[in-house]
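These are the structures, in structure tokens.
Here subunit A shows up in two complexes: once beside subunit B, once beside subunit C.
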Partner chain A sequence: MSGASRRARAWLVLLGLVYASILFAGFIAPYSPDEQNRSAPFTAPTRLHFVEANGRVHLRPFVYRLVNRPGTFDEYDEDRTRPLPVRFFVRGAPYSIAGVRGDRHLFGVEEPAKIFLFGSDQFGRDVFSRLLFGAKISLVAGVLAAALALGLGLALGSLAGFYGGWTDDAVMRIAELFLALPWLYLLFAVRSMLPLHIDPARAFLLLVTVIGVVGWARPARLIRGMVLSAKHRDHVLAARAFGATDLYLLRRHVLPQTAGVVLTQLALLVPRYILAEVTLSFFGLGVTEPVPSWGNMLAAVQRYEVLTSYWWMFLPGIALGPVFLLYYALADAFQQELAHQSS
Partner chain B sequence: MRYLSRRLAHGLLVLAGVSVLSFLFIALAPGDFLNEMKLDPRISPAMVGALRERYGLDQPLPLKYAHWLQSVVRGDLGFSFAYNSSVASLLWPRARNTLLLTVPATCAAWLIAVPLGAWCASQRGRWADRVCAAMTTALLVVPELLLALGLLWLAVRTGYFPVGGMKSATFATLSSSEKARDLALHMVLPASALILLNLPVLVRHVRSSLVDVLASPFIQGARARGVPPGRLLFRDALRAASNPLISLLGLSIAALLSTSLVVEALMSWPGLGPLLLEAIAARDLHLVIGAVMCSTLLLLTGNLVADALLYLTDPRLRVERQ
Partner chain C sequence: MSSRFVRSLAAAWLLVVAMGASRALVASAPAAEELLVSRAEVGRQGGQLVINQRSEPKTLNPLTALDAVSGEVIKNTIADLIHVNRETQQTEPALAKSWTMSPDGRRYTLTLRRDLRFSDGHPFDADDVVFSFRVRLDEKTRSPQRDQLIVGGQPVSVRKLDQYRVQFDFAEARAAAERLFEGIAIVPQHLLERPYAEGRLAEAWNLTTPAAQMAGLGPFRFKEYLPGERIVLERNPYYWKADRAGTRLPYLDRLVFMFVTSEDAQAMRFQTGEADIASNMSAANFGVLAKSEPTAPYKLYDLGAGFNYSFLFFNLNDLSKTTLSETARKQSWFRQVAFRQAISAAVDRDAIVRLVYRGRATPIWGHVPPGNKLWINRAIPQPGRSIDRARQLLRSAGFSWKPDGTLVDDRGERVQFTIVTNSSNAERVQMATIIQDDLKQVGIAVQVVTLELRALLDRLLKTHDYEACVLGLGSPDGNPNAEMNVWLSSGATHLWNPEQKSPATPWEAEIDTLMRRQLMTLDPAARKRLYDQVQELVAQNLPLIFLVSPNVLVGANKGLGNFRPAVLDHHTLWNVEELFWRQKRSSGTP
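On to the complex of A and B.
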């Protein structure tokens, strides 16, 4: 096993952890994403204490209840009279993971205190919980859209490359049109043709479809080139001479040769499409409130007072960085592995 | 010249294809501006019907397309219901503003990227190269939304630059030199966002294409003959590497326009981006098509400029086809 493939495996494991935490969002998040606390808007990330005001040291971290300072909107004081310890596997809001219902959460604190690890938003909703549930939309939309774009690209690209002639001409000319447009303009234009106000579940599917359909051209062109060179290899010609059908040739000899490129493309396209979903939702053209997506969460920052005063509202945008880094590193490792194999 | 005219013809064909494509998408779209109008109780159904007839919205698709082509020939690109004026009169000032932002930003990005990438290539494998690589990677993973918002935050916090918009409220009263200064101050924020967003890709490409050239025998030979390193790098190597870089210029314009859409919308720069978003919100499909076509036109023009540059710098293109 080469260094590159070892690294690819390490990045895959890390990405797997990220997506596992999305799957178990209901369990890991202490609150439900739409639970509002109207008396606690824009609270800063809750401080975890180990030492009480009177000097008593606790081994288990604890929090204090926050009380709104009279006469202010977003300033809070800690109620130091009673420490409320952080507990694990507490009962809370019901959720369901892959159909299994539960109400145990990884951690939580006793009411009336709240634990907002990443602060709260304008309705007093827990940003940490919303970040986890928002990832369910944003990160998954990226993967599904990339899979759709690559699927379409694979089908049309191999069709064009394998059959050549007018099929090739037609597919590639249309691909050229899609590539001639600045892609965000294209994405917004296609989105504009569809109804504006739709419920979040349908919006999610719609976004995945739009992003995937808009993105087919680049992978199609890449795959066409690979298929074109693969179909003239000696072993493919030999198999054809022995009477192999087109479908058999494609499946058995031609498409497997594109696997490495397809995987690399997947790793490069997913972050791009995650960002596409975030951008559309940010501008109110994607998944809408109250369902959280990293895009519509970040949209709150457009308000002046949020931009200047509440840094934790940037977290949905900041969280994109590590995710992108993982995907780019994975693509890099795939690419090196490909170069390693071909040399 | 035959090379250039062929590229021009190709560009026009693509433009025509894009217009057909966008009309096909419209055919699939449910509803239009008048559909929303129908919901308004103050407007009678007869009125909506009359408008529909007047603007040819009840016609089959090929006829609609023919009407639109006519309007292109007339030069007004159709009628915008939301703004109650011709699409072209809305588009041109916006396209001009987008150009005003993107052209200086592109020039600045290339002016920074070429020396930086060349320097990295010459320092290949040493710490300077590594620091540069780490920084471009860091910039690459910052999403454009976050970068633009971060710059806005910085501007609000420091108060050095105006936040959003293109002109101060007092713009009309200023003298022409003050006007230029005001405009430049407003440009700093969006332009630096665009530069930072496009820099990492450019630097990486310049570096990698120069690394290839620097390893080639003619450079080794020149170095052995004692050509000074600066001249070697910027005169000989850069010239040999210019071909893929100029092709990159054409490609990078697409990315630039896309990032510009987001940056313009966030910093309320009155360019094509915000216009497109407004048109979408109003379901003004003619305006959407106009904005998309306009962005395609900008992109194709950029590609054509790159082709012309390629023609000027690469003698092979001039000789081959004669």
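On to the complex of A and C.
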């Protein structure tokens, strides 16, 4: 196993962990993402304590209940009279993971205290829980849209490359048209033509479809090039001479050659499309409240007061960083592996 | 001597004569001019005021301006005959120094101040007044103020008695009739007569008109306009007010309106001192600016409850002739008073006040906000939030709950609807998000959709393609007459079902009668009783489900003298002629 493929495997495992946490969001998140705590708007991330005010040391971390300072909107004092230990596998809001219902959460604290690891938003909703549930939308939308774009690109690109002639011309001219379009504005235009009131699940699917369909041109061009060079290879020509059908040739000899490129493209496109979803939701064209997505969570940061006063509201934006790095590192490893194989 | 020299000499002589003459005019003017003496603190002259303007004015013509933004600029260049003092909320003399009313209340005789001049130096008299009213009453002008001048179905009749006296006759007695003159700017006949005669009034006085072709009686006059950047007004040297020391007002040399579209950017510019005044601040930005107030060069003012109110309402239009069958089906819920009452009971107004307005708002249950102390009906019940009561009301109206808690109607259909609001107003979006969560607790699924304001108004007033909406209204001077077109069933802003041919419900018919009666009642106490009844009917039937009335939040540079913000519009610039800088400021023209 080459170094590059070992690295690729490591990045894949890490990405797997990220997606697993999304799958188990209901379990890991201490609260439901749309649960409002109207007495606790914009609380800073909850502080975990080990030492009480009177000097008593606890092994298990604990929190204090936050009390709104009278006359203020977003200032809080800790109620130091009673430490409330962090507990694991506590009962809380019901959720379902892949159809299995549950109400146990990885961690939590006793009411009336709340544990907001990443603070709370304007309606007192837990940013940490929303970040996990929001990832369910944003990160999955990226993968699905990339798969759709690649699938379309693969089909149309190989069609163009394999048959050449007017098919090639037609497909490639359309691809150029799509490439020339400013995609962000196109997404706006397409989204604004769709009906206004659609439920969040349908909005999500529409979003994925729109992003994916708009993005097919670039992978199609790459794949066409690969197919074009592959179909003139000696073994392909030989197979054709033996009477192999087009479909057989494509399936057996041509498309496998593109596998490396497809994987690399996938790793490059996913973060791009995650960003596309975030951008659309940021502008209010994606998934709507109260369902969280990283984009509509970040939309709050557009407001001057949030920008200046509540740093934890940036966390969905910061979370994009590591996810993107993982994908790009993976793409890099794939590419090196590809170079290694061809040399 | 060459003939050219003679000509230039003659020209020079003419110039000297002209200058001498004008100097003589200015020098002799104060003796005869009947100036109004301001009782405000005596200030010092000079300096400029930089003001954030949310968008560019469309016109500078006070006769045809429709939009509020144009009005905000124009207000500083015009004067009216009788003015509503924004501080006392009472009428006071302006261009008319006094007036008398006939015993039957149908005839007003106004006496004008003598020897006043427009901002171009041309004298002002009764002809300008008659012209200003005649032009507005002409339907071809399409003046938005025409309706204001129709009393008892007839246009006001205006007659010049002599150079400084004008007589107004109304077809019927009208309550608070002198308020009718508020905001009716007197325009110069000598400049607008020709455009009017030629039918070009709408194009006259736009943003590209040279400053010399425009004039008004306001404290400032137009100087320059830079598209996309700013509009500058300069001091009117002929303004008709003076301070107690005899100095002619206004004190400021220039008003600079900078075009800053976003509310956040406006707050930032005010915070950094690039703008001297902040009007209509959001509670959120007020909070941000308050944090740095102790060390900042500005002072913030929370003026308390204002005249604006926010509400949720349902589409009660007749949709039988449209293709909106789904909405029409849902109207069987919306039309039930018990349904609307249940929604009202389920909404957490206190949470809206706290989370959306940071405590700088008042929960309301009727359409007259608490800022309107003269007219509010304090007997309107103010029930607290009660999910139990909401459930009772829904059950009594035939609704029931499925085992999973979702609300269904008597046909078994799930109760769900969409609330639209305008995306540019963060507070309305947040209110809708709170209502969404409130109604989830009674099993109603709500979706919130935000739209650009123009698209939203199109849906509300034209296509009627919406289910529910969160919106706000404001009363310009707190007087019920100004809200006629909201409460009359034939009104264009009768939001839930505008421009009805005949009242759709008995209570709307009753409100129509009461509103028309209060308009013709001269006794203030009797008028108040009639309007109290209107408020009761509205609160019982809840065509609008009232939410909160936000406080008026403004700010100004600490160095600004005579700054006395008012809850009435325009909150900060209503006494712009009295504003002055306590210290000389080094800022040049931006």
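To be clear about the criterion, the second predicted complex is superposed on the first by the 341 of 343 C-alpha atoms of A that agree within 3 Å, B and C clash if a C-alpha of one lies under 4 Å from a C-alpha of the other, contacts with A are read in each partner's own complex, and residues count from 1 in each chain.
By definition in this document, contacts are C-beta pairs under 8 Å (C-beta built on N, C-alpha and C of every residue); 3 or more make two chains touch, one makes a residue touch a chain.
Treat the numbers as computed from the prediction; the structure is a model and nothing was measured.
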Figure out whether A:Phe73 sits in contact with subunit B (first) or subunit C (second), or with both, or with neither. second
Per the contact definition in the header, classify A:Leu186: touching subunit B only (first), subunit C only (second), both, or neither. first
What is the contact status of A:Asp199 with respect to subunit B (first) and subunit C (second): first, second, both, or neither? second
First (subunit B), second (subunit C), both or neither: which does A:Thr308 touch? both
Figure out whether A:Asp169 sits in contact with subunit B (first) or subunit C (second), or with both, or with neither. neither
Quick check on the superposed pair: does A:Arg38 touch subunit B, subunit C, both, or neither? Answer first, second, both or neither. second
Which partner reaches more residues of subunit A (counting touched residues only), subunit B or subunit C: B
Of the residues on subunit A, which ones does subunit B touch that subunit C also touches? 196, 284, 302, 304, 308
Which bits of subunit C are touching subunit A when the two form their complex? 264, 267-268, 284-285, 287-288, 291, 348, 351, 354-355, 358-359, 418, 420, 423, 426, 430, 433-434, 436-437, 447-451
Contacting residues of subunit A [partner subunit C, same complex]: 34, 36, 38, 41, 73-74, 122-124, 196-197, 199, 284, 288-290, 302-305, 308-309
Where on subunit B is subunit A touching in the complex? 14-15, 17-18, 21-22, 25-26, 28-31, 137, 140-146, 149-150, 152-153, 156-157, 254-255, 257-259, 261-262, 265-266, 272, 276-277, 279-281, 283, 285, 288-289, 291-292, 295-296, 299-300
Contact set on subunit A toward subunit B in their complex: 173, 176-177, 180-186, 188-196, 275, 278-279, 282-285, 298, 301-302, 304, 307-308, 314, 317-318, 320-322, 324-325, 328
